[in-house]
Structure formats: C-alpha cells, structure tokens
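Next up is a structure, given as structure tokens.
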Amino acid sequence: MEQNSLLTYLILIPLIGSFLVLFIRKEQANLIRYTAFAISTIAFLVSLVIYFQFDSANSDFQFINKIEWIKGLNIHYHVGVDGMSLLLVLLTTFLTPLTLISSWSSIQEKVKEFTFFFLMLEVGMLGVFISLDLFLFYIFWEAMLIPMYFIIGIWGGKERVYAAIKFFIYTMFGSLLMLVAIVWLAVYAIGPLGYFTTNLIELYTIAPQIPMYIQIWMFLAFAFSFAIKVPLFPLHTWLPDAHVQAPTAGSVILAGVLLKMGTYGLLRFNLPLFPEASIAAAPYISVLAVIGIIYGALVAMVQTDIKKLVAYSSVSHLGFVVLGIFAMTQESIQGAVIQMINHGLSTGALFLLVGVIYERTHTREISDYGGIAKIVPFFAFALMFASLSSVGLPGLNGFVGEFLILLGSFQSPILNSWWFTVFAASGVIFAAVYLLWMYQRVVFGKVTNPKLDGLKDMNAREIFVLAPIFILIVWIGIYPGTFLKISDRSTAKVVKQMYNPIKVSPVELGLNQSKK
Amino acid sequence: LEVILFFVFGIVAAITAVIMITRSNAVIAALYLVLNLASLAGLYLTLNAQFIAVTQVIVYAGAIMVLFLFVLMLLRPENEQKFLQANPKTKIFAMFVAFVVFAQLVYVIFFARPSQNISKDLAKSVEAGTIEAIGRELFTNYIVPFEAAGFLLLAATIGALVLAKKKFD
Amino acid sequence: MRELIYLTVLLPLVGFLINGIFGSKIKNEKIIGLIGSGVIGISFLIALGAFFETLGLPVDQRQKIVTLFSWMSVGNLDVSFAYQVDQLSLVMALIVTGVGFLIHVYSIGYMHGDKSFWRFFAYLNLFIFAMMNLILADNFVLLFLGWEGVGLCSYLLIGFWYDRKFEKSTTSDAAKKAFIVNRIGDFGFLLGMFLIYMTFGSLNFNEVFSRAVTFNVSTATFGFIALFLFIGATGKSAQIPLFVWLPDAMAGPTPVSALIHAATMVTAGVYMVARTSIIFASAPDILMVVAIIGALTAFFAATIGIVQNDIKKVLAYSTVSQLGYMFLAMGVGAFSAGIFHVMTHAFFKALLFLGAGSVIHAMHHEQDIQKYGGLKKYMPRTYLTFLIAALAISGIPPLSGFFSKDEILWYSYANGNLFFWILGAGTAMMTAFYMFRLYILTFEGTPRFGHDKHPHESPAVMTIPLIVLAVLAAIGGFIGIPEIFSGEHGNQFHNFLAPLFKDADRKLATYNMHSHFEEILLMVLSVVFAVSAILFARYVYLKKPSIAVNTAKKFKGLYNLLWNKYFVDEAYDAAVVNPILQTSRSFLWKIADNKIIDGVVNGSAKIIDVVSINIRKLQTGVAQFYALVMVLGIVAAFFWIILSL
Amino acid sequence: MNITIEYYLILSAFMFFVGVAGVLTRRNAIIVFMSIELMLNSANLTLVAFSSYLGNSIGQLFVFFVMTVAAAEAAVGLAIIIAIFRNKLTVNIDEINILKW
Amino acid sequence: MFNNAQEFFNVLPIIIIGAGIVVSLLIEMYSKKSEILLPWFSVFMFLAAGLHSLYYVGDVSIVLQNMLATGGNVNVFHAIFTIGAAVVTLLSIDYIKKYGAYFGEYYIILQTSVLGMMLMAAAKDLFVIFLGLEIMSVSFYILAGMNRKKLTANEASLKYFLLGAFATGFIVYGIALIYGSAHTTSIDFITSHFPELTKNLLFIAGILLFLIGFSFKIAAFPFHMWVPDVYEGSPTTVAALFSTGGKAAAFSAIIATLFALFNGPNGNLFTPYLAVISVLSMFYGSIVAIAQDNIKRMLAYSSISHAGYLAIGLAAGNHDAVAGVIFYLAAYTFMNLGAFGIVSLLEGKNETNLSINSYAGLGNRKPLLSAMLAIIMFSLAGLPPFAGFFGKYYIFIAAIKSNLTWLAILGVLSSAISVYFYLRIVVLMYFKSSENEFEMESSRNSMLAIIFSVLVVILLGVFPGTLIDLITKFV
C-alpha cells in the first residue's frame, strides 16, 4: 500500500524537539520554554494538515505508514489513523502547547527536564493513538508512563512520591497482563494465518474466531489494563492522588489525554477484537461504569480540595464514556468519542483554572476561598464557564456527549434495560450539585479570607491559554457536526463489527489452541 | 579373587570414609582420607585401570593430600568437639537428608539395572586401561581438554600465589 | 415576517453578547438599557408581525418551520436548530417578548445605580434568548436547550446579588437550590426524550406527534413518556413535589421575579404539556395525575400564601398556586384554557410583582408588609395598577383573570369532577383573600413604617410599564370570552389554538354537554366567593385587625404549619439531602475509597514488604545451611523424577 | 558370584553420601573440603567402573581430568582458607557469617 | 589437530584469548609499567576476539575432533563474554586502585575466566564443558577473594568456593552417570539419541544432576543461596562479571548440552523442573530484593529473579526460547554491567556508599550518571523501550508458544513486584533530597564503559531486530 509519513513526522517532531531542548543551557529558561512551545505548535499544525487531508467518508485507517522493524518477529512500525484516533490525536496536539504555556510561571526549577519529559509524554500519547501494531502500541503505552512518573514525582505536591509510585505500579500492573494477552494473540494468529503477527488490522479478522471461553480471558486481560487507566470503579484510587499531586500541566494532560487512552483502548481493541466477549461482558462493565458515575459524583460532592473534587468528577465523567462504549449503539459510541474530547477540554480547563488560582494563593482548600467573584471577575466567569460545560449544559460541549451517550445506551439492545440510563442520568443531577456547590463556595458569598484581597485576576497569558479551549467548548456545543463527522464512519464500522463478527468454521478455531 | 579384592578394598574405602568425616581432629581425618584414596586405587586396579590407579596414588594420595596436611600443620586449627556434640539436631537432620540422597541414588541404580546392557569384556577393559590407549586418546581426540587443563592449572597457580602471598606489593 | 422568526431568538443573543462583553466598558446605563430592551422590543415587533401574518393565513398553512443548521446527526437521530411558527408558539412568543420588553424597560429604573447594571441586562437578554428557544423549538432537544438555558439564567439572576444574605442562607444558596431542583426535573425530561426517541425514532415535534397518532403504541409507554415529561414540568413550573425552589427564588431582583418566576419561565412546563398534548391525551391516567397535582398545588400554595408577610413571598406562593391552576386545566384536557390563563397570569402577575417592586424600591428594600400601610397616597399610580391586578387575579369580572380562571374552573367541573371544582373554587377564594390582605396591609390603613423612610412614587420608566400591564390585565381577557357570552363566533382564543389540540381532543373526546345553566351558576358562585373573600379580608385587616391576631393565636399549630410552609424544605433536607451528604462523606469517601479500596491496594504492598522482610532471614550466612538447602532441592528434584516415572 | 557394575555404583553412591554428609555436618572448612574431595572420588569410581565395564577409556580420561581439577581446586581452596585464616584466625565456617540477609 | 586453516580461523577468538593470557603473563612479569599496559592490552584483546566472533558469526563449523563448535550462537555468546569482559576491565582500571592494591594478576585471571566461559559456550563434549566450567569457577573463586585484606572478600570467596566445589561434585557425578548410560560424552551423540536415552533412568538422573549443578551456577532457587553473599562480599566489578558472564556461560552450557531439550521428541521432559525453579526464583528474587538496602545485595536478588525469567525460556524449550534466552542474556549482561559499573563508580573507599539511601538526591548532583542508572533500572524492570523489556517479550512468546501461558502470567506478576524495588532507586535519586553529599572520584574509563553499556541497552531496546536476526539465523 502507498506510504504516508505525515504521522511519522508528527511523532518525530516532539521526539527530536525533546532532545533539542536538552542542548539548551539551563540558564536560558525562556528560550527553552519558547522552543518547546514552538515545537508542540508545529506538531499541532502538522496534525491539522492531517485533519484537512483526512477523508471522513472512508472508514478505514488512513495515513498508513508501515516499515519493517523486527523481521524475526514480523513486527512493523505501523501507524495510521481513523476517525476516532484522529480526534484524540488532535486533542493531544491541541492541549500540549497550551499546557506548556500554562506551566511557564508555575514550573520554575528544572525547566529543561520538565519540557523534555513533557515532549516525551506527547510522543508517547500520540504513539498510543496512532499505532496499528499491538507491539508498537504496547511500547508507547508503557513508555508513556515514564515521563508522567517523573512529572508527578519531581514537580508534584507534598505527597508526590507516593502518588507517583502508586500511579506507576497501578498502571504497570494492569498493562503487564495485557502484554501476555498480546503475545497470546500473536501466537494464536499462527493458526489461521500461518505466521506470528501483532498487526492489528490482520488480528481484527482473526481474533473474533477465538473460542468464547478464551476470548473472555483475552477480553479481561485487555479490559483490566484499560479499566485501570480510565479509571473504572473500583480501580480508580490512583487517580485522585495522581491528579492532586501532579503539577497543573501534569493534571491537565493526565485528565485530558491519558485517561482517554483507556477508553480509546476499549474502543479500539476490546470491542472489535473480542466481540462476543464484549457483548457478554457489556452489562457487567456497564454496571461498574454506572456505579462509577454515581460514586464519583457523590465522593466529589464532599471533597474539601478543589483538585480532588475535579479528579473525582473525572471518574464520574469517564463512567459515561465507558457506558457509551459498552452500550454499543452508533449514538452512544459517537457520544463516547465526542465525550472523550469534551472531558479533555472541560476538565482540562478546570484544572488549568485551579492551577491559576493555586499559583496565587497556594491553597486548594475550598474553605479558604469565597467571594472572589468581586476580586477576580474574569476568573469567576471562566470557572463558571468551565463548570457549566462540565455540568453538561445544553449549548456547551458536555451536553452533546452525555446526551448522545444516554440516548444511545437507553435503547441499547446489548444492555437492554432502562436502568443503566436511569441511574447514569442521575449523575447529571449530581454533577450540577457538586460543581455548583463548589463554585458557590469558591466564588460567591462575602470575602472571608483576608489573604484573598489583592488577588490578581487572570493575566493575558492565562487567558490566551483558556480562550481556545472555550471556543472549542462552544463550538462542539453548538455545531458538533464538525467532529462527529470525522468519527462517524469509524464508529459505524465498530458497531457493525460488533453485531456480525467474522464467523469461521469451528475446525479452524481449534487449530492449534485445542489443547488450551 | 576379584570378588575378595573388591570387598576388601570396598569395605576399607567405605569405613575409612565414614571415619574420616567423624574424626574431630583434622589431621587424623586427613590421614584416613589418604587411606581411603589408596583403597580406591586398589579398586581401580581390580578394574584394570592401571594408569588411573597409579595417578590416583601419585597425584591424590601423594600430592594433594600432602598439600592438605601442609595446610593443616600450618594453620593448626583447634579440634572440633566430638561429632554429634555440637547442635546434634541439625547434624542428624543433615545426615538424614544426605542419606535420602543416597537412598534415591540406590533406587535409581536398581531401577536402571545397568548390568543388563553392560556386560564386562575383559580384553577390552584391559586394553582400555592401558597407558597407551589413554595417552593416544589424550593427545589426539582430547587435545582441547588437555590444553584447557593446562590453563586451569595456570590459573590455579596464579590464584594460589595471589591469595596466599604473605604481604601485598 | 414569519421566516424572520429566528431573529426573535438571535436578537436577544446579540444583546447579551454586546452587553456581556462590552458592558463593563460602557459606563452609561442609558445605552446599556437601550440595547438591552431595544433588542427585545424589536423581537416583539417581529413576533407581532408574524402573528398578524399568521392570522391572515388559512388554518392549514399556519405552521411554518425555519431551519438554521443541523445540530446533532448521528445514526437516525437528526436534530437541528429549527424554529417553528404556529399558533401556540406565537402566543407564547408574544407573551415572552411583550412582557419581557416591559420588564426590561422597568428594570432600567429599578436597577438604576447597581454596580453591575450591565451584567443584569446581559442576563435578562440571555434569558429571553433561552426562553425563545424553548418556545420556538421544533424538536425536543432544542426545547431542552432552552429549558436548561432558562434554568441557568434563573440561577444567575437569583444569585445576582451573590454577596447578599437571603433569609437564613445566602442568595447563592437559593440560586443553587433552584438550579438543582430544576435539574431533577430535567432528569425526568431527559428520560422522557430517550423513551420518545426509542418509541418513535425521532425527536422532531411533527414526526413524533404524527407518529403518536399513527403508530400503535401501548398506553403504558405513553404513560411513561407522559410521566417523565411531567416530572420535568413539575420541576420547571414548581409543582408538588418540586415547588420548593420558587419561593426562595425571590432572592433575585424583583424584575427577575416578575419576568422569570411569574410571567414566563415557570409557565414553560405548562407550555410543554400543551405542546405534547397528544402524548398526554394518549395517557389518560397520567393526565389525571397532572390534574390532581395541579389542584393540590394550587390549594396548598394558596393556604401558605395566606399567612406570609414578605410581599414577594406571598406573590411567589400565589404564582405556585396559579401554576397549579394551569396544570389543573391541562389535566382536565382544557389545553387552550390553560394557555389562556398563562397569558392573563403573565399580565397580572407581572404587574403585581412590578408593583411590589416599585413599593420595595420606594421603601428601600423593606419587604415586610407588616411594616407598610397607607402607601396609597404616597404612590398613586402604583396603588391603582396594583389594585387592578389584585382584582384581576381574584377573578372579578370583567378583568382578564375572571375569564381565564373561570374557564378553567368550568372545565375542571365539566371534564373533571366536582372535587376539582371545589378545590379550584376554594383556591380562588383564598387567592382573593390573601391578595387583598396584601393589598390592604400595603396601601390602605395607616402607615406602620418609621419616619426614616420617605416613600415616593417611582420614576416614569417604571410606572409606564405598570400602566401598560394594567391595561392588558384589565382588557386582556376579552379575546377569550366564553361562547355563552360571545355567542355564535365562539371563543376567539380557543378557535385560534384549536387546530393544535384537535388530535388530543379527539383522543379525549370528553365534551359531554352540560347545560349553560350549570356554567352560569358556577360562574356566579365563584364570583360571589371572590367578592365575599375580598370583603372579609377588608373587614379583618382594615376594620378589626385583632381578629387576625386572635385566629393566629387560636390555631397556633395550623398557623405555624402554614407559616413554615408545611416544613417541606426541612423534610427534604432531613430525608434526602443530609443522608446523601453523610453517606458520601463518612462512608463512600472516608471508608469505601480510602479504607477499603485503597486499603486493598496499599495492603497488598504491605504484605509483600512483610513477607520479604521475613524471607530474607533465610539467608543465614552459614555456608553449610546453604549447602543443606541445595541438597534439599536435589532431594525434591529426585523425588519428582522418581515419581514421574 | 561375579561382581556386576551395581556393586561399584552402590559403593560410590555410599561414598558420595558420606561426602555430602561430611559437607553438611563438619565445621572445619578444611574437612568440609576434604569431604568434597571424597565426593569427587566417588564420582571417579563410578567413571572408572563404567569405563572398564564398557571397555572404552573415555571414563578414565575423564577421571584424569577430574584429578587435575581436584588438584587445582585444592590449591586455590587451600589458599583461600589460608587467606581467611590470616584475617579471622579461624576456619570454622559457621563463624564466618558477616555476610547475611 | 586442525585439518585446515579455516578451522583455525574459526576458533581464533578462543586462541586469541589463550595467547593473550600468556602474553599478559609476560607483560606482568617483565614490563615496568604493566599497570597501564595490561588492562588496555586485555581490553584490546577482548574487543578483538569479540568483534571477530561477531563478524564471522556466519561460518558454522565443528572443529578439533568434535570438541569445539564455532559460529552461530557460539559466536554470539563469545561476543557477549568478551565485550562484557572488556567493559568489566575498563571499569576495573580505576576501581581496583581504590583499594590501594594493584594486582596485575587480576586481569590475567579475568582473561582465564573468560576463556573458561568461551570453552563452555563452544563445547561439543562434556569434557570441554567440565573443564571450561572449572576454569571459570576457579578464576571466579580467586577473583572473589582477590582483595585479601577485606574479610568480606575472604568470606565471599570461601563460600563461593565451598559451595561451587560442592556443586561441581554433583556435576561430575551427573556426568559419570550420563557417560555410563550413553557410553560416550559427545554432546552430538547425546542430542541425537536423546529420545531413547531418556528411557534410561540412569541417564535422566545424570542429566538432572548436571542441570542442578548448573542451576547453581545460574543462581536459581533453591541453589541461589551463595549469590547475595558473594556479590556483596566480592569487589563490585567482579560481581558484575559473576552476574553477567558467569550466568551467561552457565546458560550457554545448558543450551549447548541439552540442545535436545529445545528440539525433538520428549524434549519437554525437564519442563516441570525448570518451570518450578523459574517460578520460585522469580518470586523469591523480586520479593526479597524489596527488603534490601545494600544495592549490591539488591542487584544480587534481582539477578536471581532474572535467572527465573531466563529459566522460563529453558522451560519453554523451543527455537524462540533459545533465541529469547540468548537475547535476554545479551540485554541483561549490559544492563547489569551498567548498574554495577555505576555502583562501582560511586562506591567509596572500603565499601562506603553502598546503601541505596546514599543515592538520595543523586539526580541533582550527577545528572548524567543518574539518568543512565534510571534507564538501566527501567530496563531491568522490563519497561519499553529498553532492552530488558524486549528480552521478556521474546521469552514470553516462547513460553506461550509451548502452552506455558500460566508461566508467562506468573512472570509478569513477579516483574510487577520487581518494579517496586527498581523504582525505589529512581525515587531516591530524583524525588528525595540527599542527606550526605559524598564525593566520588570521577573516572573517565568507567564512564566510557557505563555509557557504552547504556547505549547498548537502548539500542537493543529500540532496534532488537539486528541481534534477533543474528541469533535466529542459526538456531
């Protein structure tokens, strides 16, 4: 097939950039910052080029770039995007420069290392979204942990070490089982294909033939690691610590992109690879998702730390996404995809805002605030806007996603029960409760804390960071078509695969796995 | 005759071995070891392995054991207390474990019954034991191990030198 | 004009953007006010033009849909920003823009000198924008957008003075309460939408309604849909059990209470039920539920209204009770009557609030009617308009209130039963009573306020709207004269709306003819009730104030019950809010999350630590022990070999 | 009766056992080392027995090399023991346990 | 004797080392400034041998009366040994100076040990294996005790020696039994007749004893007990050699001898044994390592658990397994060389700064060094994109191919545990601030060695393909 190396450039730019940064003397912090920003912006532009050249009428992978890598094991450097991944790629390249700017004032020491790790992180995330070879995917998936680990551990808050280790081991533990599953799949492929392969596109046609009782295990192995990343209740406890301890930029990327890797994985791998198992598991996963929605909301409601509150709200929001994915209707999956973007934007914005105020007051305790609307009207407005988008107010992005997800899951033949949606929808109420309550306690009322007066309102840089996000929030809210269109075909394809997975003769099934 | 020889040497070897490990005085133990080795040499003779028997006497009973005795004299370590006096429990357990190994080996041997497919052919075994045969083999087919042995000894010599040198340079 | 209808939506948005973005720069209140109310005025004119244009058209062409662009289209879901012009939406549009315009003008005076004047107008415009979306939407999702949008605006406006105290708590508490209670309603509305989509495969009004007639769908399904939608309605329109937010909503500036919490937003529920009349009509049981809820709400709210002393509180409860009326109308299938009452109510209730506002304005934000009295001579215009409004709401012919209210009462008897009528009439009586209690304590009698206060008539910019509204409140009823008076060409308003409800009416088919005699009799009865109530109030509060005090003493328990609004808020707190908060804080977070789940995670790490600390002791450092272990390993291996053969 | 190979094997097994037992029980490093030599010798016996019963000289060659190895080990081992004795004035291996855990 | 020049050419690496030993002896005796000359000579020699064997990996042959094999795996192993040894030599140059004592013998013994390893890898006959093993072991005993003034060193060497000799006893006995049942010691014969030979219990017992002996050398549970003490006691650079060359050599011997295990019928005869010891080693190693605070000891336990992973490969016993094990060994060699190298660099006089707590805050003071150590730790923990990960991956492939999925799962579980203590180092270096600012004398040679091995680790991680092809071509 014809090669298209755009995606490779997309990965190489931050990769090379990160090393480039290492060569700048650490005294010139600003130079480092600007270069990093420039690099990530270039990456964003490249991704825009990809977006404009992307043919959304075509459901297959595009911009495929396949280079032989490890001949002995038939492993290729094999990348490409379809609608779903393209959106997430855009999200990544979009958020990275903004977060970099946002951390200009908050990150003062070890700027060089920070930028290095940050660009590395971008490489990892992009790689996860575009790799079409399970081995390659796994490499990026794991490698991405390392920079994040350092970002949390070095620039984090008081409990950062604990948080970093917890984050690392939690996720690592999950993904190791996936590694076994990947290898198993590749070995299984020898049966039908006659050769060992981790090529996703080939596996799409083979994996569904795996007999059910093994498929379940495969499914679980994959789902486990993704569920930890999402995070799905009850595997979410690393999230509050990581989010709270990470520096602002870290939290933004963590919430904005990393969590999506989990849901993306479910969508990209679990469903198409193991359709029967997914259908069998859907109700249970969905129950967990719904529990997560309500549980996350309830716990968020009673937090005293703004960042923790936002963190738990992510648990709740991601619950919606998972529900949408496992409802397996066109509407719900589209909703899930768009909701991934939404959550990235709105929660990202929330974290940015928390960071903005934290930089000034160095406290995250809600009780230390109150009545700052008078002092920092801009901030108040921005926070209101972000909260509303996260509450899912119609006309803003949050609504589109949640509405589609709920609409879809309500009539999902897989779940085949209203109750999932009924309970999930109650999360909408709670979202309003905890966010508005937080907002009220932080922004409204009289100024009680003397430290607060003389607070500076958001400066130009911070506004510049938030403005694009807000524009997108409204855009998606009013005219989501732009983005729904991209992923429409791909999601439709997934749904199709779900309902009629490729069937083959049982003889072929038992080929070399009969012993197992 | 062969039978008698075997039993004589065998029993001597076995007994000396046992005594060797139970003596509290190291020097005495060493001497019994010498005796044991000698009796082994005898056994080798009954097996028509002349060359090996001789080397056994010269190298082992001679050189090596002399070395041992030297060291013993040199260090003159205090005697241990009688066997089975110090912490007997562990020792008995250890004996038991070792004995289990023995039992297992015996079981294996009887289970395998090598004598079924190995029948002694006097002429050949005599021929095999001669110095010519061994020499020929050693310097044709087994030249590599032979060279290797040379390096081994070289290393050992240097090592002994380094480790036992009186003072550092 | 009809195809320009979307401008009535967009103009307020423009106003909002201008005021919102540049408002803080523009120092001049005049300009801001001009922009704010100007855009609404223009929208009103457009709506008016569209209305007359529509009147000119034959009945079957009166509906028109203006599509702007597609919003969400996934699978077979296709929702657009599309606005439909038809009789119902036009009536609502006229009410919203008309009354809205007046209130904007009024606010220029009322909010004069407030430090965030611009913000106020921005919010108001945003509200109108949302409200127009709500009523002009041609599909449920867009309606929902307006639905939540107005909720947001009411949140913003209730909390407008975010640093002020309000009763026990703060304005922002009230605001939050309003939003969240609304959300609970919206939750029902959402489910309703999902079920509709599941049943009819679409969310466009026309498709859904036509399919509701053609598809054969089980009554149960209709029931569920109707129920869910009605939950939404109760939230928005403050019906039992979700009415608790409305009284607190009075924390906002008075014009807000007039516009949002009296005239327009709270009637959205009624509008929605009317809009989906066909679905409700297909679920008679739910319709009955609606009627009962409506009647009860009307009655109990009225009882509470009797004893309140805060002028706005009284009006608030009267609003709740009037809304109950409208739902009663809906419940008995008198949809057009309900809408008719929405209109008249918009007039006189807005008038009442604005009047109250002007009083409060004059009394320097004193809201306790016990501290008023004899204001008649200080502020004549306010006094007069307020009186008209009071008479109107009490249903004194020929004021607008009389026609709409009486029509509802009649249908509640004709299509419903006597019980409804009694509740309705009783409510009417109480309404008349507390309205005049309010009126008398405020304007009649001798001043009860200190000499530090110098009440004065409000400026023209405030009084002119009062007068306009007063006129409307007075004559607005004539477009809906019942046919027994108007004779052969029937009830205008009815006939105008009729085509929208014909399907529903056919489904219900309850025009069991009653004689005109009954109708007239009931009419007279209700009027007599009202008049007597007024006189009684006059007697009690003007002639013998002692009676009031004594009765209050005599029925202490009942009085407290009413005074504390049946303790509903407290009940909710105790039954719902606190339990959730407690479990979340002390169980879910502190125990489940930190102890159990994290406990497992950290615990496993602990275990491994302990194990390793103990195992390392195996390394005793004695060579012989090492050898022993080796030999043990060998023994084991040999056993395995031996046994495996 | 004639001596089948089993006899030799048993004998060597026995000596092997004794050697192992010695290693496991004695404290004196030198004696432990001697026990190891005993083990080697038992192995040698086996080898020689096999070689003469099979009538090929490989076994005996091997014995030759084993002896070489034994010599080398003896040299090195004794040197080590001397070295440690110089530092610690003991050759009791259960006292030589500063390295543990 | 050699039949032609080609054969001579093929075994050249071994001959280079052999000759080198003699030359070094002469240098040591006669040269005044042997102190500088000798190490560099041996580095050069090692590299020469290593590059030669890498370059001529293609010409597979069996020479010298079926005693030695050349080409293919053998050469790969030779390369691992020699290059590893070169790195060790570089590390040693400044390290042994720290102890004030300089022994030229050190390098010579180093060379002999390498010679032993190479013989083991190349062996085609149990004789050669045995002698190679002994040469290596004897040299190791000496190296361990080289630093005589140190009691720890003495103790280490004594323990190593006694237990090693003990294990040798078993090996010899095993060989005796093998010989008795196979009537020969030629590995080819054993391999080709493996199936019918395994009908003979005597043979199985022999193989088992042989395996056990080597399980001792590869430090697999329960024959690992010597490892922590010896590593801790002996000089760091030497420990590096033990943990890399020694292990690799033992594995090479197992692969060479029991090649039958990896192909042909009832090859999986010993799978249960290997599987069990692999599981035990993995978990024992990674669990006990958590409680250590001496870094050398921790690395020792980690090497035990790595022996476990490698044993998975042996248990799997198929072509991928061989390739996987070899790759893993290569990767592991350079990881450990790097790790021990850094330790030796930071180690102060008379064994200070060995507690992992003394690594706190290193990230600020020695950015490059700590970065490299971090990379090595991640690689040891098996994280992509470093060599360690790929080794594991390959071995798991092998395991799963021969239906040992459960073994693979246990493997990943234990590596999940091991992450914990590897990360401890990283945490200390970067997330903690240092309490004692010790000084370390910089050493260009050591730095060179370390950087080299880290580069190899990264390269093997990112482009494992080349090495894989090299290996798989000849399996």
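Descriptive notes on the structure:
Per-chain numbering from 1; labels A, B, C, D and E assigned in written order.
Simple rule for what comes next: a contact is a pair of C-beta atoms (placed from the backbone, for glycine too) under 8 Å apart; a residue touches a chain by one contact, two chains touch by 3 or more.
Keep in mind the model is a prediction, meaning the values are calculated, not measured.
Each step here moves to a touching chain, and the least such steps from chain A to chain D number 2.
Common neighbours of chain C and chain E, listed by label, are A, B, D. Among the chain pairings, B-D comes first (most C-beta pairs in contact). Of all chains, the one whose Cα centroid sits at the greatest distance from that of chain E is C.
Located most centrally within the structure is A, per distance between chain CA means and the overall CA mean.
Comparing the CA-atom centres of all chains against that of chain A, the greatest distance is found for B.
Look at where the CA atoms of chain A average out and do the same for chain B: the two points lie 70 Å apart.
Separation between the centroids of chain A and chain C, computed from CA atoms only, is 38 Å. Averaged C-alpha coordinates put the centre of chain B at 6 Å from the centre of chain D. Put simply, the C-alpha centre of chain A and that of chain E have 42 angstrom between them. In chain A, no residue touches two or more other chains. Multi-chain contact residues of chain B (touching two or more other chains) are listed as 94, 97-98, 101, 105, 108-109, 111, 114, 118, 142, 145, 149, 152, 155-156, 159, 161-163. Residue numbers of chain D whose C-beta contacts span two or more other chains: 16, 19-20, 23-25, 27, 32-33, 44, 50-51, 54, 56, 58, 61, 65, 69, 72-73, 76, 80-81, 83, 93, 96-101. Applying the touch definition to every pair of chains gives A-C, A-E, B-C, B-D, B-E, C-D, C-E, D-E. On the chain C side of its complex with chain B, the touching residues are 624, 628, 631-632, 634-635, 638-639, 642, 645. Against chain B, the residues of chain D that register as touching in their complex are 1-11, 13-22, 24-28, 30-31, 33-35, 37-38, 41, 44-45, 48-58, 60-61, 63-65, 67-76, 78-83, 85, 90-92. Those residues of chain C that touch chain E in the complex are listed here as 605, 608-609, 611-613, 615-616, 618-619, 621, 623, 625-627, 629-630, 632-634, 637-638, 640-641, 644-645. Every residue of chain D that touches chain E in the complex is listed here, in rising order: 16, 19, 23, 29, 32-33, 36, 39-40, 42-44, 46-47, 50-51, 54, 56, 58-59, 61-62, 65-66, 69, 72-73, 76-77, 80-81, 83-84, 86-88, 93, 96-101.
Against chain C, in their complex, chain B makes its touches with residues 94, 97-98, 100-101, 104, 107-108, 111.
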